[in-house]
(Lines give C-alpha, C1' and ligand atoms only; values in the text may rest on other atoms or scores of the structure.)
Protein backbone atom coordinates (compact mmCIF):
# COMPACT_ATOMS: atom_id res chain seq x y z
CA UNK A 1 0.00 0.00 0.00
CA UNK A 2 1.08 3.59 -0.45
CA UNK A 3 0.66 6.86 1.42
CA UNK A 4 -1.25 9.66 -0.30
CA UNK A 5 -3.13 12.90 0.11
CA UNK A 6 -6.63 13.49 -1.26
CA UNK A 7 -5.94 16.25 -3.79
CA UNK A 8 -9.29 16.48 -5.55
CA UNK A 9 -11.84 14.49 -7.47
CA UNK A 10 -13.00 13.72 -10.98
CA UNK A 11 -16.47 13.95 -12.59
CA UNK A 12 -17.34 11.58 -15.42
CA UNK A 13 -20.75 10.94 -16.97
CA UNK A 14 -19.80 8.47 -19.69
CA UNK A 15 -18.22 5.50 -17.96
CA UNK A 16 -18.43 1.75 -17.48
CA UNK A 17 -21.91 1.06 -15.97
CA UNK A 18 -20.41 -0.80 -12.98
CA UNK A 19 -18.70 2.46 -11.91
CA UNK A 20 -21.98 4.32 -11.42
CA UNK A 21 -22.15 6.00 -8.00
CA UNK A 22 -18.45 5.42 -7.42
CA UNK A 23 -16.40 8.42 -6.17
CA UNK A 24 -13.12 8.85 -8.04
CA UNK A 25 -10.50 10.73 -6.00
CA UNK A 26 -7.25 12.31 -7.20
CA UNK A 27 -4.55 11.01 -4.86
CA UNK A 28 -1.13 12.66 -4.65
CA UNK A 29 1.39 10.09 -3.33
CA UNK A 30 3.37 11.36 -0.31
CA UNK A 31 6.45 10.24 1.65
CA UNK A 32 6.20 9.12 5.31
CA UNK A 33 7.15 12.76 6.08
CA UNK A 34 4.00 13.86 4.20
CA UNK A 35 5.86 15.48 1.31
CA UNK A 36 4.44 15.12 -2.22
CA UNK A 37 6.33 12.51 -4.21
CA UNK A 38 5.51 11.14 -7.66
CA UNK A 39 2.58 11.42 -10.02
CA UNK A 40 -1.08 11.68 -8.94
CA UNK A 41 -3.34 8.68 -9.52
CA UNK A 42 -7.11 8.29 -9.57
CA UNK A 43 -8.51 6.03 -6.84
CA UNK A 44 -11.87 4.61 -5.90
CA UNK A 45 -12.69 5.09 -2.23
CA UNK A 46 -14.21 2.87 0.46
CA UNK A 47 -13.44 5.17 3.42
CA UNK A 48 -15.29 8.43 2.65
CA UNK A 49 -11.98 10.33 2.83
CA UNK A 50 -12.29 14.10 2.50
CA UNK A 51 -10.19 16.64 0.63
CA UNK A 52 -6.74 17.12 2.16
CA UNK A 53 -6.82 13.98 4.31
CA UNK A 54 -3.87 11.60 4.36
CA UNK A 55 -4.80 8.07 3.37
CA UNK A 56 -3.32 4.80 2.24
CA UNK A 57 -4.31 3.25 -1.02
CA UNK A 58 -3.45 0.13 -2.96
CA UNK A 59 -2.99 -0.90 -6.54
CA UNK A 60 -4.03 -4.01 -8.47
CA UNK A 61 -6.87 -6.49 -8.52
CA UNK A 62 -6.98 -6.36 -4.70
CA UNK A 63 -8.27 -2.79 -5.09
CA UNK A 64 -11.57 -4.24 -6.24
CA UNK A 65 -11.96 -6.58 -3.23
CA UNK A 66 -13.96 -4.07 -1.13
CA UNK A 67 -16.58 -4.20 -3.90
CA UNK A 68 -16.87 -8.00 -4.07
CA UNK A 69 -18.82 -9.95 -5.25
CA UNK A 70 -19.07 -7.33 -8.01
CA UNK A 71 -16.14 -7.30 -10.45
CA UNK A 72 -15.73 -3.53 -10.87
CA UNK A 73 -12.99 -2.31 -13.24
CA UNK A 74 -10.96 -0.55 -10.52
CA UNK A 75 -7.20 -0.91 -10.03
CA UNK A 76 -6.55 1.59 -7.23
CA UNK A 77 -8.57 2.17 -4.05
CA UNK A 78 -8.25 4.18 -0.85
CA UNK A 79 -8.65 1.69 2.02
CA UNK A 80 -7.66 3.65 5.16
CA UNK A 81 -7.37 7.16 6.59
CA UNK A 82 -4.10 7.84 8.42
CA UNK A 83 -4.32 8.79 12.11
CA UNK A 84 -0.56 8.97 12.72
CA UNK A 85 2.77 7.62 11.51
CA UNK A 86 5.55 6.30 13.73
CA UNK A 87 9.03 6.31 12.16
CA UNK A 88 11.98 4.45 13.68
CA UNK A 89 15.58 5.52 12.97
CA UNK A 90 17.53 3.20 10.64
CA UNK A 91 18.95 0.17 12.44
CA UNK A 92 22.50 -1.07 12.00
CA UNK A 93 22.85 -3.44 9.03
CA UNK A 94 22.39 -7.20 9.57
CA UNK A 95 25.49 -9.37 9.37
CA UNK A 96 26.40 -10.28 5.80
CA UNK A 97 28.29 -13.53 5.44
CA UNK B 1 -6.79 4.67 -12.44
CA UNK B 2 -4.90 7.24 -14.46
CA UNK B 3 -5.76 10.34 -16.46
CA UNK B 4 -5.07 10.32 -20.19
CA UNK B 5 -5.78 11.87 -23.54
CA UNK B 6 -6.89 9.88 -26.59
CA UNK B 7 -3.94 10.48 -28.91
CA UNK B 8 -4.75 8.09 -31.75
CA UNK B 9 -5.43 4.48 -32.56
CA UNK B 10 -3.79 1.35 -33.87
CA UNK B 11 -4.77 -1.01 -36.71
CA UNK B 12 -3.82 -4.68 -36.47
CA UNK B 13 -5.01 -7.54 -38.65
CA UNK B 14 -3.02 -10.41 -37.17
CA UNK B 15 -3.98 -10.62 -33.51
CA UNK B 16 -5.35 -12.91 -30.84
CA UNK B 17 -8.85 -13.98 -32.04
CA UNK B 18 -10.51 -12.75 -28.85
CA UNK B 19 -9.42 -9.20 -29.73
CA UNK B 20 -11.45 -9.13 -32.97
CA UNK B 21 -13.64 -6.02 -33.18
CA UNK B 22 -11.85 -4.41 -30.24
CA UNK B 23 -10.74 -0.78 -30.70
CA UNK B 24 -7.18 -0.15 -29.54
CA UNK B 25 -6.56 3.49 -28.59
CA UNK B 26 -3.23 5.25 -28.05
CA UNK B 27 -3.52 6.99 -24.67
CA UNK B 28 -1.09 9.73 -23.64
CA UNK B 29 -1.04 9.93 -19.80
CA UNK B 30 -1.68 13.49 -18.51
CA UNK B 31 -1.42 15.30 -15.15
CA UNK B 32 -4.53 16.68 -13.36
CA UNK B 33 -3.61 19.96 -15.10
CA UNK B 34 -3.99 18.14 -18.47
CA UNK B 35 -0.30 18.31 -19.35
CA UNK B 36 1.29 15.30 -21.11
CA UNK B 37 3.33 13.20 -18.70
CA UNK B 38 5.02 9.86 -19.35
CA UNK B 39 4.92 7.31 -22.14
CA UNK B 40 1.86 6.51 -24.27
CA UNK B 41 0.13 3.17 -23.74
CA UNK B 42 -2.35 1.20 -25.85
CA UNK B 43 -5.78 0.75 -24.25
CA UNK B 44 -8.95 -1.13 -25.05
CA UNK B 45 -12.05 1.05 -24.73
CA UNK B 46 -15.52 0.54 -23.25
CA UNK B 47 -16.65 4.19 -23.45
CA UNK B 48 -16.49 5.06 -27.19
CA UNK B 49 -14.05 7.88 -26.38
CA UNK B 50 -13.13 10.04 -29.37
CA UNK B 51 -9.81 11.53 -30.47
CA UNK B 52 -8.60 14.31 -28.16
CA UNK B 53 -10.97 13.49 -25.29
CA UNK B 54 -9.68 13.25 -21.73
CA UNK B 55 -10.40 9.91 -20.13
CA UNK B 56 -9.39 7.71 -17.24
CA UNK B 57 -8.01 4.28 -17.79
CA UNK B 58 -6.77 1.43 -15.65
CA UNK B 59 -4.12 -1.21 -15.78
CA UNK B 60 -4.11 -4.89 -14.84
CA UNK B 61 -6.49 -7.83 -14.85
CA UNK B 62 -9.31 -5.47 -13.80
CA UNK B 63 -9.00 -3.92 -17.27
CA UNK B 64 -10.62 -7.04 -18.68
CA UNK B 65 -13.63 -6.95 -16.30
CA UNK B 66 -15.84 -4.90 -18.68
CA UNK B 67 -15.53 -7.81 -21.11
CA UNK B 68 -16.48 -10.57 -18.65
CA UNK B 69 -17.33 -13.43 -18.86
CA UNK B 70 -14.87 -13.47 -21.77
CA UNK B 71 -11.19 -13.64 -20.73
CA UNK B 72 -9.73 -11.22 -23.28
CA UNK B 73 -5.94 -10.62 -23.20
CA UNK B 74 -6.21 -6.93 -22.30
CA UNK B 75 -4.26 -5.20 -19.52
CA UNK B 76 -5.31 -1.57 -19.99
CA UNK B 77 -8.77 -0.17 -20.65
CA UNK B 78 -10.44 3.25 -20.88
CA UNK B 79 -13.39 3.14 -18.44
CA UNK B 80 -14.58 6.78 -18.21
CA UNK B 81 -14.60 10.10 -20.07
CA UNK B 82 -13.69 13.13 -17.92
CA UNK B 83 -16.31 15.88 -17.55
CA UNK B 84 -14.31 18.03 -15.13
CA UNK B 85 -11.61 17.89 -12.47
CA UNK B 86 -11.78 19.60 -9.06
CA UNK B 87 -8.40 20.20 -7.40
CA UNK B 88 -8.06 21.21 -3.73
CA UNK B 89 -4.98 23.07 -2.45
CA UNK B 90 -2.58 20.99 -0.31
CA UNK B 91 -3.74 20.71 3.33
CA UNK B 92 -1.43 21.18 6.30
CA UNK B 93 0.40 17.95 7.24
CA UNK B 94 -1.18 15.58 9.78
CA UNK B 95 0.47 15.38 13.21
CA UNK B 96 3.46 13.07 13.25
CA UNK B 97 4.23 11.51 16.63
CA UNK C 1 -0.91 -2.77 -24.00
CA UNK C 2 2.38 -1.44 -25.28
CA UNK C 3 4.04 -0.98 -28.66
CA UNK C 4 7.19 -2.94 -29.40
CA UNK C 5 9.56 -4.25 -32.03
CA UNK C 6 10.62 -7.90 -32.27
CA UNK C 7 14.35 -7.60 -31.58
CA UNK C 8 15.33 -11.24 -31.28
CA UNK C 9 14.62 -14.43 -29.42
CA UNK C 10 15.89 -16.58 -26.58
CA UNK C 11 16.78 -20.29 -26.41
CA UNK C 12 16.33 -22.14 -23.14
CA UNK C 13 16.49 -25.88 -22.54
CA UNK C 14 15.96 -26.00 -18.78
CA UNK C 15 12.63 -24.37 -18.06
CA UNK C 16 9.25 -24.88 -16.46
CA UNK C 17 7.63 -27.87 -18.28
CA UNK C 18 4.52 -25.87 -19.19
CA UNK C 19 6.73 -23.56 -21.31
CA UNK C 20 7.82 -26.38 -23.66
CA UNK C 21 7.31 -25.40 -27.30
CA UNK C 22 6.70 -21.77 -26.40
CA UNK C 23 8.62 -19.15 -28.44
CA UNK C 24 10.20 -16.46 -26.27
CA UNK C 25 10.77 -13.19 -28.16
CA UNK C 26 12.93 -10.21 -27.15
CA UNK C 27 10.69 -7.16 -27.50
CA UNK C 28 12.12 -3.65 -27.59
CA UNK C 29 9.40 -1.17 -26.50
CA UNK C 30 8.89 1.68 -28.99
CA UNK C 31 7.04 5.02 -29.04
CA UNK C 32 4.07 5.63 -31.39
CA UNK C 33 6.71 7.17 -33.70
CA UNK C 34 8.50 3.77 -33.73
CA UNK C 35 11.54 4.98 -31.82
CA UNK C 36 13.13 2.63 -29.24
CA UNK C 37 12.18 3.61 -25.70
CA UNK C 38 12.93 1.73 -22.47
CA UNK C 39 14.30 -1.68 -21.62
CA UNK C 40 13.70 -4.85 -23.66
CA UNK C 41 11.42 -7.52 -22.20
CA UNK C 42 10.91 -11.19 -23.03
CA UNK C 43 7.44 -12.05 -24.35
CA UNK C 44 5.54 -15.17 -25.27
CA UNK C 45 3.85 -14.92 -28.64
CA UNK C 46 0.43 -15.90 -29.99
CA UNK C 47 0.73 -14.10 -33.36
CA UNK C 48 3.78 -15.71 -35.05
CA UNK C 49 5.42 -12.30 -35.27
CA UNK C 50 8.71 -12.22 -37.19
CA UNK C 51 11.99 -10.43 -36.50
CA UNK C 52 11.73 -6.66 -36.97
CA UNK C 53 7.91 -6.54 -36.99
CA UNK C 54 6.07 -3.97 -34.88
CA UNK C 55 3.64 -5.54 -32.44
CA UNK C 56 1.66 -4.80 -29.34
CA UNK C 57 2.13 -6.80 -26.20
CA UNK C 58 0.67 -6.84 -22.71
CA UNK C 59 1.82 -7.49 -19.21
CA UNK C 60 0.27 -9.36 -16.28
CA UNK C 61 -1.94 -12.36 -15.71
CA UNK C 62 -3.94 -11.41 -18.82
CA UNK C 63 -0.84 -12.34 -20.83
CA UNK C 64 -1.59 -15.98 -20.09
CA UNK C 65 -5.23 -15.82 -21.28
CA UNK C 66 -4.42 -16.88 -24.87
CA UNK C 67 -3.14 -20.13 -23.39
CA UNK C 68 -6.21 -20.90 -21.24
CA UNK C 69 -7.29 -23.31 -19.80
CA UNK C 70 -3.59 -24.00 -19.15
CA UNK C 71 -2.03 -21.84 -16.40
CA UNK C 72 1.34 -21.13 -18.01
CA UNK C 73 3.84 -19.02 -16.04
CA UNK C 74 3.89 -16.13 -18.54
CA UNK C 75 3.52 -12.45 -17.66
CA UNK C 76 4.08 -10.79 -21.05
CA UNK C 77 2.68 -11.81 -24.43
CA UNK C 78 2.59 -10.42 -27.97
CA UNK C 79 -1.10 -10.32 -28.98
CA UNK C 80 -1.17 -8.31 -32.22
CA UNK C 81 0.97 -7.24 -35.20
CA UNK C 82 0.70 -3.54 -36.07
CA UNK C 83 -0.58 -2.65 -39.55
CA UNK C 84 -0.56 1.12 -39.05
CA UNK C 85 -0.82 3.83 -36.41
CA UNK C 86 -3.02 6.94 -36.65
CA UNK C 87 -1.93 9.84 -34.42
CA UNK C 88 -4.16 12.86 -33.75
CA UNK C 89 -2.70 16.25 -32.74
CA UNK C 90 -3.21 17.21 -29.08
CA UNK C 91 -6.68 18.69 -28.44
CA UNK C 92 -7.31 21.82 -26.41
CA UNK C 93 -7.57 21.06 -22.65
CA UNK C 94 -11.01 20.33 -21.14
CA UNK C 95 -12.53 23.03 -18.93
CA UNK C 96 -11.19 22.86 -15.37
CA UNK C 97 -13.52 24.26 -12.71
CA UNK D 1 10.08 -10.34 -3.84
CA UNK D 2 12.08 -7.39 -2.62
CA UNK D 3 14.43 -6.66 0.26
CA UNK D 4 13.39 -4.04 2.81
CA UNK D 5 13.88 -2.62 6.27
CA UNK D 6 11.04 -2.09 8.76
CA UNK D 7 11.12 1.70 9.13
CA UNK D 8 7.97 2.31 11.16
CA UNK D 9 4.26 1.77 11.21
CA UNK D 10 0.97 3.47 10.48
CA UNK D 11 -2.15 3.96 12.64
CA UNK D 12 -5.54 4.19 10.95
CA UNK D 13 -8.97 4.06 12.57
CA UNK D 14 -11.17 4.56 9.52
CA UNK D 15 -10.41 1.75 7.11
CA UNK D 16 -11.90 -1.12 5.16
CA UNK D 17 -13.46 -3.48 7.76
CA UNK D 18 -11.46 -6.47 6.49
CA UNK D 19 -8.26 -4.68 7.53
CA UNK D 20 -9.22 -4.58 11.23
CA UNK D 21 -6.44 -5.94 13.44
CA UNK D 22 -3.96 -5.86 10.57
CA UNK D 23 -0.54 -4.26 11.28
CA UNK D 24 0.58 -1.88 8.55
CA UNK D 25 4.37 -1.45 8.43
CA UNK D 26 6.40 1.21 6.63
CA UNK D 27 9.02 -0.67 4.61
CA UNK D 28 12.07 1.08 3.18
CA UNK D 29 13.36 -0.96 0.18
CA UNK D 30 17.08 -1.80 0.47
CA UNK D 31 19.78 -3.21 -1.84
CA UNK D 32 21.44 -6.62 -1.17
CA UNK D 33 24.14 -4.52 0.55
CA UNK D 34 21.43 -3.20 2.93
CA UNK D 35 21.54 0.36 1.63
CA UNK D 36 18.25 2.30 1.35
CA UNK D 37 17.04 2.45 -2.26
CA UNK D 38 13.77 3.82 -3.56
CA UNK D 39 10.52 4.97 -1.99
CA UNK D 40 8.98 3.49 1.16
CA UNK D 41 5.82 1.40 0.83
CA UNK D 42 3.21 0.27 3.34
CA UNK D 43 3.03 -3.50 3.86
CA UNK D 44 0.84 -5.92 5.74
CA UNK D 45 2.81 -8.40 7.80
CA UNK D 46 2.56 -12.15 8.42
CA UNK D 47 5.93 -12.56 10.18
CA UNK D 48 5.71 -10.29 13.26
CA UNK D 49 8.77 -8.38 12.03
CA UNK D 50 10.06 -5.73 14.46
CA UNK D 51 11.33 -2.20 13.86
CA UNK D 52 14.72 -2.14 12.11
CA UNK D 53 14.62 -5.77 10.97
CA UNK D 54 15.50 -6.69 7.39
CA UNK D 55 12.71 -8.54 5.62
CA UNK D 56 11.48 -9.55 2.20
CA UNK D 57 8.12 -8.48 0.94
CA UNK D 58 6.06 -8.95 -2.19
CA UNK D 59 3.66 -7.00 -4.28
CA UNK D 60 0.40 -7.91 -6.00
CA UNK D 61 -2.56 -10.20 -5.45
CA UNK D 62 -0.17 -12.85 -4.10
CA UNK D 63 0.37 -10.54 -1.10
CA UNK D 64 -3.12 -11.46 0.08
CA UNK D 65 -2.53 -15.24 -0.12
CA UNK D 66 -1.37 -15.56 3.53
CA UNK D 67 -4.83 -14.30 4.50
CA UNK D 68 -6.83 -16.75 2.36
CA UNK D 69 -9.67 -17.69 2.22
CA UNK D 70 -10.41 -14.04 3.13
CA UNK D 71 -10.04 -11.57 0.23
CA UNK D 72 -8.36 -8.69 2.08
CA UNK D 73 -7.55 -5.54 0.08
CA UNK D 74 -3.79 -5.82 0.51
CA UNK D 75 -1.23 -5.52 -2.30
CA UNK D 76 2.05 -5.70 -0.38
CA UNK D 77 3.01 -8.06 2.43
CA UNK D 78 6.11 -8.94 4.44
CA UNK D 79 6.56 -12.72 4.14
CA UNK D 80 10.03 -13.41 5.59
CA UNK D 81 12.68 -12.06 7.96
CA UNK D 82 16.22 -12.11 6.57
CA UNK D 83 18.83 -14.17 8.46
CA UNK D 84 21.68 -13.57 6.01
CA UNK D 85 22.46 -12.83 2.38
CA UNK D 86 25.05 -14.63 0.24
CA UNK D 87 26.29 -12.68 -2.80
CA UNK D 88 28.30 -14.27 -5.61
CA UNK D 89 30.63 -12.21 -7.83
CA UNK D 90 29.38 -11.61 -11.40
CA UNK D 91 30.07 -14.58 -13.71
CA UNK D 92 31.51 -14.26 -17.20
CA UNK D 93 28.80 -13.63 -19.84
CA UNK D 94 27.16 -16.58 -21.61
CA UNK D 95 28.05 -17.12 -25.27
CA UNK D 96 26.03 -14.87 -27.59
CA UNK D 97 25.55 -16.20 -31.12
CA UNK E 1 9.53 -12.05 -18.69
CA UNK E 2 12.89 -10.49 -17.98
CA UNK E 3 16.53 -11.50 -18.34
CA UNK E 4 18.61 -11.83 -15.19
CA UNK E 5 21.73 -13.24 -13.61
CA UNK E 6 21.71 -15.33 -10.42
CA UNK E 7 23.66 -13.08 -8.06
CA UNK E 8 23.19 -14.86 -4.75
CA UNK E 9 20.60 -16.14 -2.35
CA UNK E 10 18.83 -15.28 0.86
CA UNK E 11 18.38 -17.23 4.12
CA UNK E 12 15.27 -16.68 6.20
CA UNK E 13 14.03 -18.73 9.13
CA UNK E 14 10.92 -16.75 10.10
CA UNK E 15 8.66 -16.71 7.05
CA UNK E 16 5.21 -17.58 5.80
CA UNK E 17 4.79 -21.37 6.34
CA UNK E 18 3.94 -21.98 2.67
CA UNK E 19 7.44 -20.76 1.73
CA UNK E 20 9.18 -23.56 3.68
CA UNK E 21 11.77 -25.36 1.51
CA UNK E 22 11.58 -22.67 -1.16
CA UNK E 23 14.91 -21.33 -2.49
CA UNK E 24 14.98 -17.54 -2.71
CA UNK E 25 17.53 -16.27 -5.26
CA UNK E 26 18.87 -12.74 -5.71
CA UNK E 27 18.44 -11.92 -9.39
CA UNK E 28 20.26 -9.02 -11.02
CA UNK E 29 18.31 -7.93 -14.14
CA UNK E 30 20.50 -7.79 -17.28
CA UNK E 31 20.15 -6.44 -20.83
CA UNK E 32 20.13 -8.77 -23.88
CA UNK E 33 23.86 -7.96 -24.05
CA UNK E 34 24.23 -9.42 -20.52
CA UNK E 35 25.06 -6.13 -18.86
CA UNK E 36 23.63 -5.42 -15.37
CA UNK E 37 20.65 -3.06 -15.54
CA UNK E 38 18.34 -2.01 -12.73
CA UNK E 39 17.76 -3.14 -9.17
CA UNK E 40 18.11 -6.73 -7.94
CA UNK E 41 14.95 -8.63 -7.00
CA UNK E 42 14.34 -11.79 -4.98
CA UNK E 43 12.88 -14.69 -6.96
CA UNK E 44 11.59 -18.15 -6.23
CA UNK E 45 13.04 -20.78 -8.54
CA UNK E 46 11.62 -23.77 -10.41
CA UNK E 47 14.69 -24.47 -12.56
CA UNK E 48 17.49 -25.23 -10.05
CA UNK E 49 19.53 -22.36 -11.53
CA UNK E 50 23.04 -22.02 -10.09
CA UNK E 51 25.06 -18.96 -9.09
CA UNK E 52 26.14 -16.87 -12.07
CA UNK E 53 23.75 -18.48 -14.56
CA UNK E 54 21.66 -16.33 -16.89
CA UNK E 55 17.95 -16.96 -16.53
CA UNK E 56 14.58 -15.48 -17.32
CA UNK E 57 12.10 -14.69 -14.62
CA UNK E 58 8.61 -13.27 -14.40
CA UNK E 59 6.63 -11.07 -12.11
CA UNK E 60 3.06 -11.23 -10.81
CA UNK E 61 0.50 -13.85 -9.88
CA UNK E 62 1.71 -15.99 -12.79
CA UNK E 63 4.95 -16.46 -10.84
CA UNK E 64 3.05 -18.74 -8.49
CA UNK E 65 1.63 -20.96 -11.27
CA UNK E 66 4.53 -23.48 -11.16
CA UNK E 67 3.48 -24.17 -7.55
CA UNK E 68 -0.24 -24.74 -8.27
CA UNK E 69 -2.56 -25.94 -6.80
CA UNK E 70 -0.83 -24.35 -3.77
CA UNK E 71 -1.33 -20.56 -3.45
CA UNK E 72 2.18 -19.56 -2.35
CA UNK E 73 2.83 -15.87 -1.65
CA UNK E 74 5.38 -15.45 -4.45
CA UNK E 75 5.39 -12.65 -7.02
CA UNK E 76 8.62 -13.36 -8.91
CA UNK E 77 9.95 -16.70 -10.15
CA UNK E 78 12.81 -17.96 -12.32
CA UNK E 79 11.22 -20.15 -15.03
CA UNK E 80 14.05 -20.81 -17.53
CA UNK E 81 17.84 -20.96 -17.88
CA UNK E 82 19.20 -19.15 -20.96
CA UNK E 83 21.14 -21.23 -23.51
CA UNK E 84 21.69 -18.42 -26.01
CA UNK E 85 20.23 -15.15 -27.28
CA UNK E 86 19.74 -14.19 -30.94
CA UNK E 87 19.50 -10.44 -31.62
CA UNK E 88 18.29 -9.01 -34.94
CA UNK E 89 19.29 -5.52 -36.11
CA UNK E 90 16.50 -2.88 -35.98
CA UNK E 91 14.17 -3.05 -39.00
CA UNK E 92 12.99 -0.03 -40.95
CA UNK E 93 9.89 1.61 -39.39
CA UNK E 94 6.42 0.51 -40.55
CA UNK E 95 4.43 2.99 -42.67
CA UNK E 96 2.72 5.65 -40.53
CA UNK E 97 -0.37 7.26 -42.07
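To keep things simple, chains are lettered A, B, C, D and E as they appear, and every chain counts its residues starting from 1.
In this section, a contact is a pair of C-beta atoms (placed from the backbone, for glycine too) under 8 Å apart; a residue touches a chain by one contact, two chains touch by 3 or more.
If you're wondering where the values come from, they're calculated on a predicted model, not measured in any experiment.
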Which chains does subunit B share as contact partners with subunit D?
A
So if I look at the partners of subunit A and the partners of subunit C, which chains show up in both lists?
B
Inter-centroid spacing, subunit E versus subunit A (mean Cα positions, whole Å):
29
Just how far, in Å, is the C-alpha centre of subunit D from the one of subunit A?
18
Which positions in subunit B are in touch with at least two other chains?
59-61, 63, 82-87
If each chain is a dot and touching chains are joined, what shape do you get: line, ring, star, complete or other?
ring
For a quick check of the interface rule, what order do the chains take around the ring, beginning at subunit B and passing next to subunit C?
B, C, E, D, A
Residue positions on subunit D within touch of subunit A in the complex are 5-16, 18-19, 24, 26, 28, 33-34, 36, 39-44, 51-54, 59-61, 63-64, 71-76, 82, 84-87
Could you pull out which subunit E residues touch subunit C in their complex?
1-3, 31-32, 37-38, 46-49, 56, 58-63, 65-66, 68, 77, 79-88, 90-91, 93-97
